[in-house]
Amino acid sequence: MSDFAATLGGIFSNPNFYFTVLSTTVPILLATLGCAIAENAGSTNMAEEGIMILAAFFGVIGAAYTGSVWIGLLVAVVVGAVMGLMIAYFALYLKVDIILVGIAVNLIGSGLSAFLMYVITGDRSATTSLHSGTLPTISIPGLSDIPFIGTIISNQSVLAWIAYLAIPVMSFLLYKTKLGLRIRSVGENPDAASSVGVSVNRTKMAALVISGILGGLAGAYLSMSYLPYFSKGMSGGRGYIALAATAMANNTPVGSFGTSLLFGFFYALSTYSSTLGIPDQLVTTLPYVATLVGLVIFAINVQRKERKMLHESGGGHSSKAQQVADASEA
Amino acid sequence: MANDDVNFSTRKGEIHAICGENGAGKSTLMKQLYGVEQPNEGRIIIKGQEVKLTSPQVAIANGIGMVFQHFMLVPSLSVAENITLGIEPTTGLKFDTKKAAEITKSVSDKYGFDIDPAARIRDLTVGVKQKVEILKALVRGAEILILDEPTAVLTPQETSELFVQLRALREAGHTIIFISHKLGEVKSLCDRVTVIRRGHTVGTYNVKDVSESDISRLMVGVNVESKVPKGKANPGPAYLVAKDLELFDLNGKRVVNDISFTVRSGEIVGIAGVEGNGQEPLVNAITGFSGGGSGTLSMGGFDIRSMSIHELREKGLAYIPEDRMSTGASGTLSICENMIADKVDWKRYNKGLLLNQPVIKEDTDKWIKDYDVLCDGGNQKVGMLSGGNIQKVLVARELTGLAKLIVCDQPTRGIDVGATDSIRRRLVNMRDSGSAILLISADLGEILNLSDRLIVLFEGEIVAYFPDVSKVTEEELGYYMLGVKRMSAGQIEGAYSVQ
Amino acid sequence: GLGLSACGGSSTSGNSSSDSGSSSDKKRIVYVINGTLGDKSFFDSGHEGMEKIADQYGDQYETDTREMGYDTSVWESTALDIASEGWDIMIMGTFDMVEYADEIATQYPDTKIWFFDESWDFNTYPHDNIYGMLFAQNQGSYLVGMAAAYATKTKKVAFMGGMQNKVLQDFFVGYKQGVAAVDPSVEVVDDWTQSFSDSTIGHDHARALYQQGYDIVFSCCSSCGLGAFDAAVEMGDGYYVIGVDGNQGEYWASQGDTAKAAHTLTSMQKNVNNTFLDAAGEELKGTLPYGTVVTYGLDKGGVSYSVTDTTKEVLTEEQLAAIDQAQQDIIDGKIQVDTTF
Amino acid sequence: MSNKSSKGIAERLRSISVQTRHEILRMAVAIAIGLGIAVVLIVLTAKDPESALTYFVGAPFMSLSYFSHMIEVIIPLLMSGAAVCIMFSANQFNLGLEGTIYLGGLVAALSGIYLVPNLPVLGPIFSILLGGLVGFFIIAIPALLQYKFKANIVVSTLMMNYICLYVGLYFLFDVFKDPASSQHTYPIGSDAGLAVLIPGTKIHAGLFLAVAVVIFAYVLLYKTKLGLSIRTVGQNPKFAKYVGLSVSGLALVSQFIGGVIGGMTGAVQMLGLYQRFEWTSLTGYGWDGVTMAIFAHNNPKYLPFAAIFLAYFRTGAWVMSFKAGVQIDLVSVFEGVMVLFIMAEKFLSGTYRKMIFADADRKRKERNAAKGGEAA
């Protein structure tokens, strides 16, 4: 047991571990922010998984055929935006349930990326034959020299910095701008928004496009930063994790950071713990169990808060959350 | 087709009423005027110019503003944010909170509304919310203001305050289109009235030239007597008993304070009161929607709070809820399924493990006929029906159960005269056949007409009790409802009558 | 259990005889993959072998490669369907396919099966139209284990496998023994990624191992293992991957990826390609010993360890000589390598 | 009665409501778009497009074994589809079937190895029920977390799937692996598997069970009070509570039933097609169930059509993949596209309007004609 504790202590005192935590958190964070902004507009974006994989694939193709990772990044972002538009079109204009749109897009994403990879590159599992390159990493001179912290934050990809920067940017967007105001009002009471001439569909579409762009960035990170190639199924369920992280974060950008970091932490721990002497399969469940537990803790908290809200809103119009609360209290 | 060949016109600076039965198409017509829905044919002319109102934006640009039947506000946002939503002032990328507050302030000052721009909508009372709605339209430069049943949720005081403001707006040259089922309001406020019946205009009249009964006759085609005839009650033993009842909300705040009353079999007990004075928690407690509190609350001798809704219904509870669309019915289920939703356990509707569909169909068809539900048949989805017909389905379901205790919360709100009359008659019939009925209604006429005994609730307490309703006037009731007057404990004691 | 009627079999085998009759005298040989190509590992290597056969014996063999994908529920149907096309020789392998090969061997006695990567149990499944090919990955792993022990600066080396299946454990036991043979004080850890396909997982596990001081990682999990090379490059000097199945150092070099080549210490090559080619040659001579299992170890060149520029840079000549000596000792039977088979 | 039966087909077609006719049209166009995209991709990428297309479109009729493969594919589709229909009818977006199927399969295999290896008929039935029980326990976790704490069911079930997989892998590798095998359990007993129905094929007795499960799901949802209650809850929970139904209780029950069927799906698949348990990843049948429920609009009545349809083209894609070398991944693109269009309420809504007008027109003319006839 003390051996176990010593190993664990060794992991936690290793700055590289935290480097790994931060870098594995990045794609999840980006996707979580994407889910969060869509959720704020009242649209559950379950399609980050599919967006990510398609963006990762097309980004690599773009980078390889133009010889520039930056163009690859642009392609990934454009693919993300287009997917966001497509989701919006089907969900908002053709009225497909948005969860089902998500499931469909994920199906298409996994199939199309694998299919086209073979057709375009002749590779079946990974595009190692292409030289698509990686986006640069950034080390800030002063910071990198700080002993422990320096190791953690230096040499993180430029996209990692973008991801962490996206947290305040998304906060600003949601809470301080016109678009943010509209997104939140459309999510909370679409009828109110449309009655004053705010186009619900266009606002939701904007949120979904931003959501798609964030998913595109997440994809780009996977195939042009984390690894220098596209590999089949490399989104690895991160889109679903993002959905969980969003739910746990109550759809706030700062909360999204916390919850994706939670997953990143336990995921990193699971990759580290071959030395812990626990069966590897069980260790692999760690991040998922942690997410599930986090979700439950969050839900308990919400329940408590909802009780309060219930009182505050008094006899007025009951919110949706309240209706649900009412309904399931039977 | 909701509207078929409607013609009407308004003049600048008038208050123009639109009257019609439920489902006559009033709201639909207004939505067309506001660009939310598009008419299939016909023309809309504003100031001599034909316009195509393809969206609310276009309508707003043409000087039309609308206050919907249901509030269109975002609860978590502030008043200023709600008012400037869609026309947000910005500095650079940022939404300019200060400027939004200024805009709100200046318009509310101009029209004499007293509103705090920073308040959150969810903290406001209904009356203030209504004002925010009107301000929203005015800020956008509305010259034609459409109000869809604005008074339905207001207290009498709020209503008269609103009328003062509407008259002021009229003086300022605004045109107001006013929809209401309350003909008294139409008479006192409006200049002209257009009557719609089943999607057709019947005609436009000067309000001075027509009486209330004229209007109601025009609406339904026959003159409906406004009072339901009813004989003397013949009450049995107390069926619903509330003794020293205290109820708390989820934060522990007391919302019903030490009240005692009974409802006996064979009588109708009315509860009058301005909305938000404890009716909702009381109804929720009696119908099993929420538990907790202290004191006795029993039905037919059983403790209500130890029973689930299911058990309560098995013991004879029937409940006509206030909110028919989201609570009282399921729009996506068929009429049959809605009708028997509370009776699925009945032997009659089950054959072995399966539902006995022919019997269900047969009974539903019968009820559709009895209750005069306008529909294509039992398999039609309830959501396809008009509001009044949905209410009829709901009432039919509730009154065809055991219905030993019937809790009616606003049973005829927003229902046309014919349907209202028939529902009231049925309640009286149920009383006569021995049901105990608790009636909560904002419609004082209804309360006074139907109740045998009457309680007034104010701030969660019983402030008045009338053992004989026939002697009560609306005016007197108003004093108690507003807390101006209050009876002595001895007088109120009578509400708890076991015999 | 499953039974198959004679009627289905006979009608199709009737077809097959007419098929093979009409298409000249070439032997028709098909390589059936229970997975897909692109694993940069033994499926790909086998396919290479097929191409070599076509090159070398093009006038005597007609070759084809078929992929069955990763949906295990269709493997049986697919394999039987391919068998019904009337091939002279079917090549298939891995434990997953044993029972299906048994069915085919029973139903199509005229079709010969070369079965690789699993020890065919002729007691349970006695077929004289089956030829078993087993690779002694434990022997090759022993040698790369020695290389790892020589190369490590931290005295900690790792094995990274996908899942603990028998073949991979065979790799591991050989590797561990090889490390210990050089220096018993070197710590060997085994890490199982639970994936054979997701390179990001391979990358993360390898990186975690490096960051914990295991400076050599023997990466044995197909596409998942590709990520290890990226992790080594990221970590910088002194961190190495040992490749598997093919000569991965050479592969990276051929792709112009010098960084990865420079981090590839050596590779445990499983020369499926050459094995197929050899077997095809013996088949023509009529000397292929059907009804037996042949182990392709270091002696037959079934497995080998690769020496690239990187290998020569990292290891001294004496060390390389010691590895070669061990190779000879294994061939001579002086060293017995542990195995899970 | 006789009058009705003597009606012509055209007449009867016209008597179908405009809504239904439009629904059929929409479905047809959705399929056409899905197929169109698939065909374009095949033509652009296949070495021999002609034979690839032939396999894709016609494989099930090209040989008995392909046809029987189609039937094999139908079995899990029907079962998981029924499970999802029941859960979705209660409006529970429970996506946890993957996990139940995986562990249901594992436990059924273990039962076939250790508990009832030599008990014909009853043995497999027992194993399948045991699989169902496992499905129940697995689904119970997220369902109860939702019941007690309102933990988001979509998210918790997605997490549960991963947990089930890795826990299953642990038991497979560390506890129950046959040391002589690669990554498999011991083989199940000689009488533990499901009997083959048609010799020469792999169509197994699970087909009966699958059909029974679909019928059960339909009868349950549309003919019993429990089903009506479940659907009431699914359509409007507030209303359901109001009429005295236990909303969260029924949500639980629907998920329990779904979980049991999920576990049984895994068991049937295992005992019908495999000798040993050897799954090292999630099977995908759970997601298939979602696709099936979408195609069937949550009504089990339509599951057989949806299953035949999907199985037909999956068989085509399967044959195409190993005969003509076209990537089987194509099939998920095809299915995803169709999910989008089939669920698109507003898709072809312009045509819908025209159909309604045409219908009204026709009715008016008929009425006029009838009047004219009377006058004459």
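Going in written order, the chains are labelled A, B, C and D, and every chain counts its residues from 1.
Heads up, the rule we're going with is that a residue touches a chain if its C-beta (ideal position, glycine included) is under 8 Å from a C-beta of that chain, and two chains touch if they have at least 3 such contacts.
Remember, predicted model here, so these are calculated numbers, not experimental data.
S.K.: Which chains, taken as a pair, are joined by the highest number of C-beta contacts?
M.R.: Comparing chain pairs, contacts are most numerous for A-D.
S.K.: Based on CA centres, what chain would you say lies at the far end from chain C?
M.R.: It is B.
S.K.: Could you state the distance in Å from the CA-based centre of chain A to that of chain D?
M.R.: A distance of 29 Å separates the two centres.
S.K.: If you average the Cα atoms of chain B and of chain C to get two centres, how far apart are those centres in Å?
M.R.: Distance between chain centres: 76 Å.
S.K.: Determine the centre-to-centre distance between chain A and chain C, using the mean Cα coordinates as centres, and give it in whole Å.
M.R.: Centre separation, chain A to chain C: 38 Å.
S.K.: Taking each chain's centre as the mean position of its Cα atoms, how many Å separate chain A from chain B?
M.R.: Computed from C-alpha means, the inter-chain centre distance equals 44 Å.
S.K.: Chain C: which residues touch two or more other chains?
M.R.: Residue numbers touching two or more other chains: 194.
S.K.: Hey, what residues on chain A touch two or more of the other chains?
M.R.: Residues 118, 281, 284, 323, 326, 329-330.
S.K.: Quick check: what residues of chain B touch more than one other chain, meaning two or more?
M.R.: Each of 289, 308-309, 326 in chain B touches at least two other chains.
S.K.: Considering every pair of chains, which are in touch?
M.R.: Here the touching chain pairs work out to A-B, A-C, A-D, B-D, C-D.
S.K.: If we count contacts the way the header does, which residues on chain C are in touch with chain A in the complex?
M.R.: 36-40, 158, 189-194, 197-201, 203-205, 207-209, 211-212, 222-223, 226-227, 230, 255-257
S.K.: Given the complex with chain B, which residues does chain D contribute to the contact?
M.R.: The contact residues of chain D facing chain B are 219, 223-225, 228-229, 231-232, 235-236, 238-246.
S.K.: Mind pulling up the chain B residues that touch chain A in the complex?
M.R.: Residues 34, 36, 55-57, 60, 66, 68, 70-77, 81-82, 85-88, 90, 93-95, 122-123, 126, 129, 136, 140, 249-251, 253, 275-276, 280, 289-290, 308-309, 326.
S.K.: Of all residues in chain B, which touch chain D in the complex?
M.R.: Those in contact with chain D are residues 289, 308-314, 319, 321, 326-333, 337, 340-342, 344-345, 349-350, 353-355, 357.
S.K.: Give the list of chain D residues in touch with chain C in this complex.
M.R.: Checking each residue of chain D against chain C gives 63-66, 69, 72, 166, 169, 173-174, 177, 179-184, 190, 193, 196, 199-202, 269, 273-275, 278-281, 283-284, 318-319, 321-322, 325, 328.
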